[in-house]
Structure formats: structure tokens, C-alpha cells
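Read from first to last, the chains carry the letters A, B, C and D; within each, the first residue is number 1.
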Amino acid sequence: MKKYWTLVLSLVLVFSILSACSQGSPGGNASNGADGDSTSKNDGPKKYAFIFKNTGNPYGEKMMEGFEEAINEIGGEAILRAPDQPTAEGQIQIIEQLITQQVDSIVISGNDPDALQPALTKAMDAGIEVISVDSAVNTDSRVTHVNQADPEAIGRIQIEAVSEMIGGKGQIAVLSATSQATNQNLWIEYMQKELEKPEYKDIELVKVAYGDDLRDKSVSETEALLKTYPDLKAIIAPTTVGIAAAGKVLTDKGLGGKIALTGLGLPSEMASYIESGVSPWMYLWNPIDVGYSSGFTAAALVEGDMEGKAGDTFEAGRLGEKAVVEDGDGTQVMLGEPFKFDKENIGEWKDVY
Amino acid sequence: MSEYVLELKGITKRFPGVTALNNVHFKLKKGEIHALMGENGAGKSTFIKVITGVHSPNEGEIFLDGKPVTFTNPIEAQDVGIAAIYQHVTNYPDLSVTENIFIGHEKVHPKTKRLLWREMYQEAKSILAQLGSSIDPKREMGTLSVAQQQIIEIAKAISTNARIIIMDEPTAALTARESEELYRIAEGLRDQGTSIIFISHRFEDMYRLASQVTVFRDANYIGSWGVNEITNDQLIVAMVGREITQVFPHKKHPIGEEVLRVERLGKTGYFADISFSLRRGEILGLTGLVGAGRTEMCETLFGITNYDTGSVYLKEEKLQIRHPKDAMKKGIGYLSEDRQKQGLILQWGIGRNITLPALERFSKRGWLNERNEGQLAKQLAEKVHVKAKSVFDLASSLSGGNQQKVAVAKLLTADLDVIILDEPTKGVDIGAKSAIYEIIQDLAAQGYGIIMVSSEMPEVIGMSDRIAVMKEGRITKMLERDEFSQEAILAAAMSETPDKTKAG
Amino acid sequence: MAQKNIQPYMQRTLSADRPFSTRQFFFQWEWLLAAILIGVIALNTSLSPYFLNINSLRDATMVFLDKAFIVFPMAFIMIMRDIDISVGSTVALSSVVMATVYNSLGASMEMAVVTCLLVGAICGLVNGLLIVKFKELSAVIITLATMILYRGIAYIILEDQASGNFPEWFGFFGWGYIYGIPFILILFVIVAFLFGLLLHKTTFGRHIYAIGHNDVASKFSGVNVDRVKVIVFTLAGLMSAVTAVFLASRMGSTRPNIASMYELDVIAMAALGGISTAGGKGRLIGTVIAILIVGYLQYGLGLINIPSQTLLIVVGALLLFAVIVPKLNLSRFKK
Amino acid sequence: MAVQTANVPPAEPVVKKESKLASVAKFREIGLLIFIILLAIGVQIRNSSFLTVENVMDMATNTAILSILAVGMMLVLVTRGIDLSIGATLALSGMLVAQIVSINSGFSPVLAVITGIGIGIFCGLIIGGLVSWLGVLPIIATLAMMNIYRGFTYMVSDGKWISSYQMSESFVGIATSSILGINTLILIAIFIYIAAYYFISHTRTGRHIYAVGSNPESAKVTGINEKKILMLVYTLMGGLSGLCGVLWVSKFASAQGDTASGFELSVIAACILGGVSIAGGSGKLSGVILGAVLIGILNNALPLMNVSPFWQKGVEGTIILVAVLLNVAVKRGVERNHLLRRRI
């Protein structure tokens, strides 16, 4: 009797896992890796993998969408992955699995610039083209990097915006993601550099607060900023959760128009606050395009159209020709300036991403 | 109208692998105190649970006032006026006295179902007053003494307007004085027309209270007699199934040199100024009311807790005991009062239990040798005559007496000089009791110094060579063998200490 | 329940031979686990052509074995009816201290690794001491507080920095092979073997089980309960530090936020391995199989690119399965 | 549990003992209150905007959700259980409700709240069933369901967030509107506390929860249905989590897959600070409120005091550890005095 039940339950488990798998696959990747009898690497379509920071993040989903679109145009097979927590450990696991699957290329938005180096080096040793996108990994662990926008430009443009919003004078604060977010830290660095210019001498950056990309914490931090600095004129939040939380606090407290808000955020999250004027305008690039061009970059490398050296060029589908430029001791592909979202255009973008 | 308020006919209750009750009968009159007796495992506890609706019987009928009834849960039995006070106090330590009294039948507003606290407090107060107790009904249950908790249990039974109250070993944890208080309450209830089923191991309880006695043995009904119709010996035969002639085997054992000396031992809040000495081959009885500090004192000797003042000498060597391990190394062993909680690991086999205190005896540098372990366990288990098939039999499958023997065997693993036995026969049935007495006498004859803590006076008097009586944390009297008498002990246990004013 | 064996056995000798029952032998949790492991391997093999291959199976161990080291002491802790939820934070703190000692204090890497192990052990020791000194508080409360505290100290030390630049050879821990076998796998086997011996073949292990069943009776039997607890919690800290070394080696650097939520994975693996949090039960071989089950299941499903949210559900279901099945068996069996 | 014959101190004159024990019990909450007041004064000195009406209101609003969940958690802890899945349940309910609202903008807020509670109750029922009928240990059952609910949340969201522009004014208004100048969230929390107070101290079922936690064995003999009580407690916890899911989404005007992950630890910490015993049987609403307030103040004050973000966790951990250890030390001291005063 006991044995019987054990058997039955084991079977139930196996089936439930099986069904979970078959249910899960379509949402995760375009076509199942096991479908083709791709025993050797050169058979069948080339496999292009994309690893984002964590699952359930619309910014990443949009990037993956663009990536998949590009790979479909090329005729390859797209594998889209993300760990459930935004950790380097999770990404290392996925990289290992992709190496075993003998993919041709990995495009990754890194959770840590350095921690992935051993894993990515291993991948490159296995003949996989590694490209970072959005959040760069260090130059030793990648062939090239697809940069959504020049960080210097991102820093500069936000200071320019704030200066214009507050008339070049007053206290400002920054509400960032976690204290360890590399992208944000880099941008804040450039903001601080920009502020050293004489035309901004009347603008004082009073504090950099960290909302950890958590709603509740971002709200508390925003409220603390408002109370600690009663003369605060503007908040720059270069992260979606942060800018949306700040927008919510300013709306609820009726401070729209009194304290300016700008930064980087998804149009969908920010639509209400831009339409209401709490945030006059803000910036972001198009994550779909970022993913799309990373797909073509990967393809160009895999097909041998270029080597990822400075000066190389390649065709990036609907985005036209792109060039590889130098970036410190490595190279990168730069994609134009961040895009400005304001009352006029937010309506058409809020449903896109 | 039937002569009996409660009548059970042909009750059989089977559990997987065991028949706990086999065709038993019971008749209870109105206003009667009826003693139910039998050894452990005779089926008394199951029987109560059948009456109170916790278990439903496989066969048989229950009649209440001559009408057949069936109970499917405890609430139904409660509703018709049956209440039980269980052997192990079953209360809620975190809740107030009032809640403990009314739990399961709280007074609620007829419409809103809101709890009527004020009414409950008042009723609790009046019931307690009726029982002659002044316990505050708002007190937390966990802060009461065991005897006080017992009173609350009775109050709980009264609050349900019970016509039939079952008391399962209510005096087990009580001192003589507290028992007397309980007798008084039970008689009061009887006089008001309540029927009481009284379960006890103690013959004194039965003679003092009951008018009728029913005996179960091995799940069977043996018989029912008026208390005056049956002699003590007949009753024992009925319960045990054989005659037990000598209850206290007093063997001659030579008393040797001093082995343990305790000087002015004290622990803040528990006991103070304890001095005595113990010689080889001597059995020192240690008695007094529950809460007099006996167990606490013995536990410090064994290193469970530490004493604050005074000193202990073993064979003239001053001891520094921080932990039971030290005590056992030096030669002091302790058989704890609560076998199930402190003595044995019930989920383990006999063998593992026996060897636990002395793993190093058959292991090298921490490595176990299971073959040697089995041999040692077998040897010791046989020495104390544990009745079982194999050393792998689970401790939980043994009877109370056999469990106690295993606990004694554990002591024999160490090289001891002094053995402290805390209530060694508590919860052990008569048959096994005399076996344990025999073992104790044997141990004394082998030259161990023995301290026996006990609340049962016949036992202390029958077994000891000397008796120390404790009261409120001090030894009030040291009795030599020719001074032994129940009166002398009681007097010392309840006396006013001469230097009390000084201590206060 | 009521005991019927009152009638005395006339025999006065006891058998000292362990009774052998084929029934009991085969109805062991570990057999079921082994069957599941085979099922998982079969499932993965059928789903992915890359799975059943020596290199793949071998390299997978490098992916999931890091936290496995903590499972063993956690099993000890759970057998003793305690729990330690601060292990993830201990991993973070010890690795951060290691990196800081190496990079900021200029110590040699060998020294740094030793410091890391020391810090881990100290974290565990502090847990253990607090638990035995404050018996009124359960281990959950104390390790919950130290979980926040240890992670907090890691943040104070390293702030927003990552710290790395370890020497070349340090990468060997996480990435190296000896005769084609991953170093981490070799160490895992050794550690599993040692912990197995410790639990099943020594007096110390016997004491752990005794405490798990009945700590009061153990104390009365002369078992130094406090000492055993402190040692086991220290071991948990030490093994967390071992995990920290491997993790830092695999990532070539460390940060205060690594190993978050590791405690939950570790507890889940121990529970799946048959370690009951009700105390006293479980064997080490079960946890070893459970580690392999969880590891290969995650790895194999990763090979067919299952989204990570599905993996969450699968691991949750597996854990439930592990705790429910024995109960169903039992209730069925009793009838 | 019930009988501590070995170590129960000797019986003493009744009246004397009670007054002391009562004062110990009172001391617990007063101690916490004094700690909170001292902390508040300290923060006020550093930043004068701390004790302004506005900030206190903000603090109360931000703590409301935590404090609501703490009530449910207290009941779970009282029955000797624990619930680690509340963050995941909250996220699942929030996400589903937000999706409904985004598709159907006319969905009434009241209905949204009810739907959220319903989803939460469903999640709680499953856990209750596992714990009570199958006897799975709460920590394991809720750990497993935490994974499962979180996985479901990601699945149904398909990686997308529901943003503020997809939510109707009225839905966002659930958490942002105010009555008589007091935020709705605070009012909801107050209402929950009043209801909970009535429930646990004036109804039979409420008291039975404490009875089961205090002594499960006796509960069986008394005829209290332990399974039903456990079921009820986890269902209530689920319902409250579901409610908080809606409130959370409404308050922040956004639903994400990773909403409130790790939030369960803050809730448990609030309960522990409030003196709820993990061993079951005891726990007071007044204590839980104070515990939640303390956590709320920490969250609010650390940024206000310009504590470096890197120090925040360390400070938080230290305060929790010190608070619990101090509590034990005080209790021991009182017991020690008690023993000293006893006459031998």
C-alpha cells in the first residue's frame, strides 16, 4: 500500500514537472532547444542567447523583444534568459548552461561588471561571442559592448534639463537605485562632473539617496529628501522605480510644479506624471532598439562580418549601419542620444514600452 | 428512572494492534465517589476517554440516567454534564484562570456572541470561593502551583454544571496537605449530589474517599466491590493478578565510610543552608512537601543548575561541578523525577538509551563501536531485569516500570559512588514498584551511597536508613531509623522553622 | 496508548543483534530520493541532448555545489530542532572581509582565505553562544537578527564597492580541475564523507540525535548540550565561509549583496533530504541525494531554457512533495 | 509545556507574586515605548522635521501595510507557526487585481479590494490545508508556497508591470484619498486593529486561537478543533496579505512581479520586537503596534538622519538584536529580584 502511494505520487510529481516545463517553454524562448537534432555546432540555425538582469522587468522584456526581432530577421534561434533575482550568481549559472548548449553568442546585461569575468572568459574560450549590452561587463570579459547612450551624455543632458526646469539655481537631489548599481553610479559621476562647470555654480547637489529599486524604500527616501531639504528645487532619478516613486510622492503631496522631477524612466510608468506635469520631461532610449541592435552586433560577430575592433562597421537592420568605436581598452557600439519624453509624445510611447 | 446516573455495558475499544478495553462494565450512582483502580496499562485512561467522548467505543453501550447515549466529541459529553480532570494537568499556561475555567463553554451574549467577561470573572470568583480558594481569576494560569492548577481544573468541571466528574490521578503531584484539601473539595461536591469517578494508585485515597471500587486489569473488568467488603490484600491480588507479599524488601547492607558531604549549600530563591553527609551503602530518604526545594537541591548536586553558596565533598575531595558530565565523571549519578521528559529518549531503543551517558566507554577518540555498544547495553539491561525482546526495542514501547529500569541501567554505565533517585516509583504500578525497590536495595548492598527523594511516606519509611525532611528550602529534621514515623515526618515537613524569622 | 505487554517475558536475556526487516530496509526515504534522482536525470536526458554527457554532468556540479557545503551543518542544526537563517549573510560577510583583508590590508591571499574561514566560524560561534546563553529566545529570532546584522556589517565594510583582483591561483577553487574532476566536486565528496562519519559514526553525532529527540533528557544523561550546539553553529559558520571562498573564486570578486536568500535554498535542500525540522530524524546520504536532485533539476531545466519563474514553482513543488509524501504513506500505513 | 514540576518555584502567598508578574508583563511594552520615545527624541534633535504632523502622517501611512500584516502574523505566531509566503501572496493578489483594473477601468475600487482579499484567502486556504490537514511544518509549507506564488506572479505578469496610467483614478484613490485629513490606509489599519481586538479578546474563536497555541494537547481534550483554528489563522493571514496587495498596488500606483519580496522578514521582525513569542500562546496587539511603529520609525528616521545607506542595515540589525536581548535581560533581572525576595 505504502509503496503504491509512493509510486503514484512520484509519477504525479514527474508529470507536474513535465507539464510545468511544456507550459513554461513558449513564454521563455522562441523555439525549444531540444527540437532540432543539433548535435554538432554548425547544423541548423545559429543560436543567439540573451541574458537580462532579472526576470519580470519590463525594461528587460522590451530589450529581449527587440533582440528576438533581430534574430528572427537574421534567421537564427533566440534564447532569452534571466535569473529570478538580479544577482551575478544567477547569471553565472545561466552562462554555464548556455556554454553546455553550445550557443554561438551570448548577449548579456550584467548584474556585476567584474564578477562575471571568469564565466564569460570560459564562454569566449569555448568559441562563443560575448557582447554586453545596457550594463557593461569589464572589457576583458566581452568582445564588445552595445551602449544604449553615452554615459557622459546621459549625465550632461539630465543636468541641463534640471537647470532649465529650476532656472539654473537651487538645491537638487538624486534618487538612485541601489548603492551598487554600476550604470547609475557612472551616470551620477558624470552629473557631478557636469555640475562643476561654471554655468551651474548656483546649483547645489545636496544628496544622493538610494531607493534600492524598491517602491516602499524609494517613497521613504523621497519623503526624507523633501523634509530634510525644505528648499529642494528638483529631483533627478535615473531609474524607473525611483522616478515613478518620486512622481507618486510629489503628486500625492501636491508638489507638482513646485519641485521638478526628471531622470530616466519607462514611458509607461511615467505617463501619468508627465501628462500631469509633475515631471516636465525625462529621458530614455528605446530598449527595443537597444536589444535589436545587440542582436545584429552578435550576428555580425558570429557570421564573421566583423571582429568587434574599433573602426569595424556592420548593418543593423532597420537601424542602418552602425560603427564600433573605442571605449577605454575595449570597444563599443554607440546608439545615439537618449530620447526626450514630454507631454507631446508620451501618449504615443506609453503603450509601446 | 434508573438507580445509576451512568452505566457502561460491555465496552470494547480497539486500537491498531491493541485492545485497550475488552468488554468492561461500570456503574455509577448519584452522589457517589467511585474509585477506579488498576495498574498502568489496565485501560483506565482509555475508559475515561470513552466516557468523555474523546474516543468512541467499538462495542458496548453507555447509559445516562438509564437512557442510551453516544458521544462523538468531548463537547457532547460536556453538554450532558460529564467533566474530566486528566492525569497530566491539561491547561493553558498563557491564558487567565477565568479562561481556563470556561474554555470550551464560554459565556457569550445570546445574540452578538460577544464574550461576557464580567460575568465569567464573577462566576469564576464564586466557584473558587465555593472551593475555598482565593486565587484571582485574572491571574495567568502558568504562574500557579500544581496544586492550585488542580483546583482550577475542578472549578472548570463545576462551571460546566457537571453531574459526573472524573478525576484521573488528581493527587499524583500533590503533597499530603494538598491532597487533604482535595479530599475535602471532593466530599463537598459529593454531598451536593455530584457523582465522582476517582482514579488513583494510592490506596489511602481510595480508603479516605470512595464508597465503591472497580478494578480493571489488562483491559478487562475484574470486579466491583464496596470499599468495606474488600481487604487491602484482596484488592492487590485483583489489580496485579498475583499476591505481592513483601512490599519493602529490607536487605541487610553494611554501611561504610562517608562518601558525600554537603556543607551549607544554598541557591538564591530555592534552598539555603543544606548540610548532610552520606555513607556507602546508606539509603538517605529525602522528603518534604512538593516545592520544598528537594529536586532543585539534587539538581545542583548533579550540575543541572549551579549552587550559589556552600561546598560539596565527594570522598573528601571538594567538587567543582558545572555540568552533569562532571558529576558523572566524579561519581554522582541522578535518576530524574520525570522519566518521559528528562530520563529517556522514548523514540530510541533501550540500548541507545542505556549507553548515551557513557559513549566513551566503548568508543575510541570519539568513534563509536556499535558491536561493543550492543554488548554493554545487553549486559546492563539484563542486570536490572528489563523485560523486552531485544536492546533495539523502543523505550516508548515499555511499561513505566521497565522504563524506570532502563533509566536505572543508564546510571550503571558510569563508575559511581553516589546515586540520587528522584521519585523513583512515581507513575509505576505496584508490580514494578517492588522490583525497583529490590534494585535500590541491591545497589545499596553493592556499596553505593543513595539519596532517595520521595513524597510517599510508606516508601520513605520502608526504604531509608535515615530520613532528611525539607521544608521551604531547608532541612528541618534528620530522622534516624528508630525515630521513623509518619507523624514525625509530617511534623517536620509542616513545622515552623526555628530560625525562620532570621532568614526572612 | 495503552500498553498491553504487561505479562512478563520469562526470558532474562536480551538480543543484542539488530533486527533486520527487508520491509524497513526498502521503505526508506533515501530509496525514494534515489528514484527521484534517476527520474530527474531521465527527464533531463529526454528533454535536452546536451544533458547526459560526462562533461555536462561534471561541469554542472561546479554550478550548484557552492551552497551545498552549508547543507550539511544545516542538517545537523535541523536535527537538533534549531534553524539558522543567517548563513547567507555569513557568506557575504566572510567573503567581504576576505577581499578587504587582501586588497586593503595587503595580506597574502592565503592569509585572506584563512581570515575568511575564521570570520565565518566566528559568525557561527556568535550565533551559537547567543542561542545557548539566551535560551528564552529561539534560534529563529537570534539568527534573524544576526542575518540582518552580518549583512549590515558587510555593507559597512565594502559600501558600494566590489572587491576582487584576486591572484590567478585563487580562481582554481571555483574553476579548477584535478585529473579532470572539478576541485569543488572532490572537496564536496570529502566534506560529505566527513560530515557523514561525524553524524553517524561518532559520539558527537549520537549526541546531536539525542538533543534533537529530547534535549532535556540529553542534558540529564551528561550530554553537554550547550557545547554541541555551539560547535554545530560554528561549523555552519565555517562551511558558510567555505561557500564564500568558492563563490568569490567563481566570480573573481565579491560584494556585500552576494548569496542573498541562500538560507532558503539550503533549508529546502536539507528538508528534501529527509531532515525533519521536528528534530531527531534524517541521514546525511539523503541530503547528498537531495542536493544532486535540486542541482541537476535546475541545471537540466536550464539547459532547455525554462524561464526562471517556472523553476521557482518546480522547486517549491518538489519541497512540498518531499514533506507531504511521507505523511501520506504514514497515514495510509496506520490504517 | 504545561507541567513544569521540576522547576516551578515553591508556592508563595498569592497576592504578592501576582503584582510582580503583572508588572513584568507591563514592563515589556512600557520598555519598548520608552525606547521608541528616546529614539524619537534623538531623531528630533538631529532633524527637526521629524516630529511634524506631516512626517508623522507619512510615517503612519508608510507603516500601515506593515502593521496590518503584523496582525495576521501575530495570530500565526501565536499558534506556533510562521508564514514566509505573505510577500509572495501580496504580490500575486496585487498583480492580478492590477491586471483586472487595467483591462476594465470601470472596475469599482470596493470590488477590487474584495477581489484582492478573495485571492489572498484562496492562497491562505492552500497553506492552511497543508499545515492543518497534512501536518506540514509551517516554515516548510510557507517556504514552498512562497516560491510557487512568486513564480505564478511572474508568470501571469509575463514580465510586464502595470503602470499608473493603466489604473483608474478611483483605484489609486483607495490608498491616497483621505477622510478628515487622515489617509485611508491609516483608517483601514485602525479598522483592522479594532476588528482584530474585538476578535481576539471578545469572541470564542479568537480565544481558541490562543488556547491552541498555548497547549495544543489540551485543546484536543477540550474539544477545540485545532485543524479548524490553524486553517482559520492561515486563511486570515492570506486574506490580509491579499488586502495589502491591493493597497500596495494602489499606494505605489504600480504592480511588479517582485513586489514586496523579503517583506515577510520585516513583518516578522515587527512581531518579535512587539513581544510575540515564536513558541506560541502569547502576543498582544499593543505590542505588535509598537513593534510596527519601531520598524516604521527606523525606515523613516534613518534617511532623515542622513545615516549612510551602507550603515542602515547594520543599525537595523543591531537595534533588533539589542531590543530582544535587552528584553530577556530585563526579564531575568526581575525574576532574579523575585527569587532574592523569596523567603527561605
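The definition used in the following text is that a residue touches a chain if its C-beta (ideal position, glycine included) is under 8 Å from a C-beta of that chain, and two chains touch if they have at least 3 such contacts.
Bear in mind the structure is a predicted one, so any value in this text is a computation, not a measurement.
Comparing the centres of all chains, each the average of its CA atoms, the largest separation from chain A belongs to B. One inter-chain figure worth recording: chain A and chain B are separated by 71 Å, centre to centre, where each centre is the mean of the chain's CA atoms.
The centroid of the Cα atoms in chain C and the matching centroid in chain D are 30 Å apart. Inter-chain centre distance (chain B to chain D, centres taken as mean C-alpha positions): 42 Å.
Spacing of chain A relative to chain C, judged by their CA centroids, is 35 angstrom. For chain C, residues that reach two or more other chains under the stated contact definition are 159-160, 307-313, 317, 324, 328. Residue positions of chain D touching 2 or more other chains: 150, 153-155, 257, 310. Shared contact sites, meaning residues of chain A that touch two or more other chains, fall at 24, 27, 55-56, 84, 179.
Per the contact rule defined earlier, chains pair up in contact as A-C, A-D, B-C, B-D, C-D. Across the interface of their complex, chain D is touched by residues 52, 54, 73-75, 78, 84, 86, 88-95, 99, 103-104, 106, 108, 113-115, 117, 134-136, 139-140, 143, 145-148, 173, 268-272, 290-293, 295-296, 299, 336-338, 342, 472-474, 500, 503-504 of chain B.
Listed in rising order, the residues of chain D touching chain A in the complex are 47, 49-50, 52, 54-55, 58, 62, 150, 153-155, 157-161, 163-166, 176, 248, 252-254, 256-260, 299-300, 303-304, 306, 309-310. The part of chain A that touches chain D in the complex is made up of residues 24, 27, 54-58, 60-61, 84, 179, 207, 209-210, 215-217, 219-221, 223-225, 227-228, 230, 241, 244-245, 247-248, 252, 266, 268-273, 275, 350. Here chain D touches chain C in the complex through residues 82, 130, 134-137, 139-141, 143-148, 150-155, 257, 265, 268-269, 272, 278-279, 308, 310-318, 320-321, 324-325, 328, 331, going by the rule given at the top.
By the touch rule above, chain C contacts chain A in their complex via residues 27, 32, 35-36, 39, 43, 47-50, 55-56, 59-60, 62-64, 159-162, 164, 171, 174-175, 247, 250-261, 297-299, 301-314, 317-318, 321, 324-325, 328-329, 332-333.
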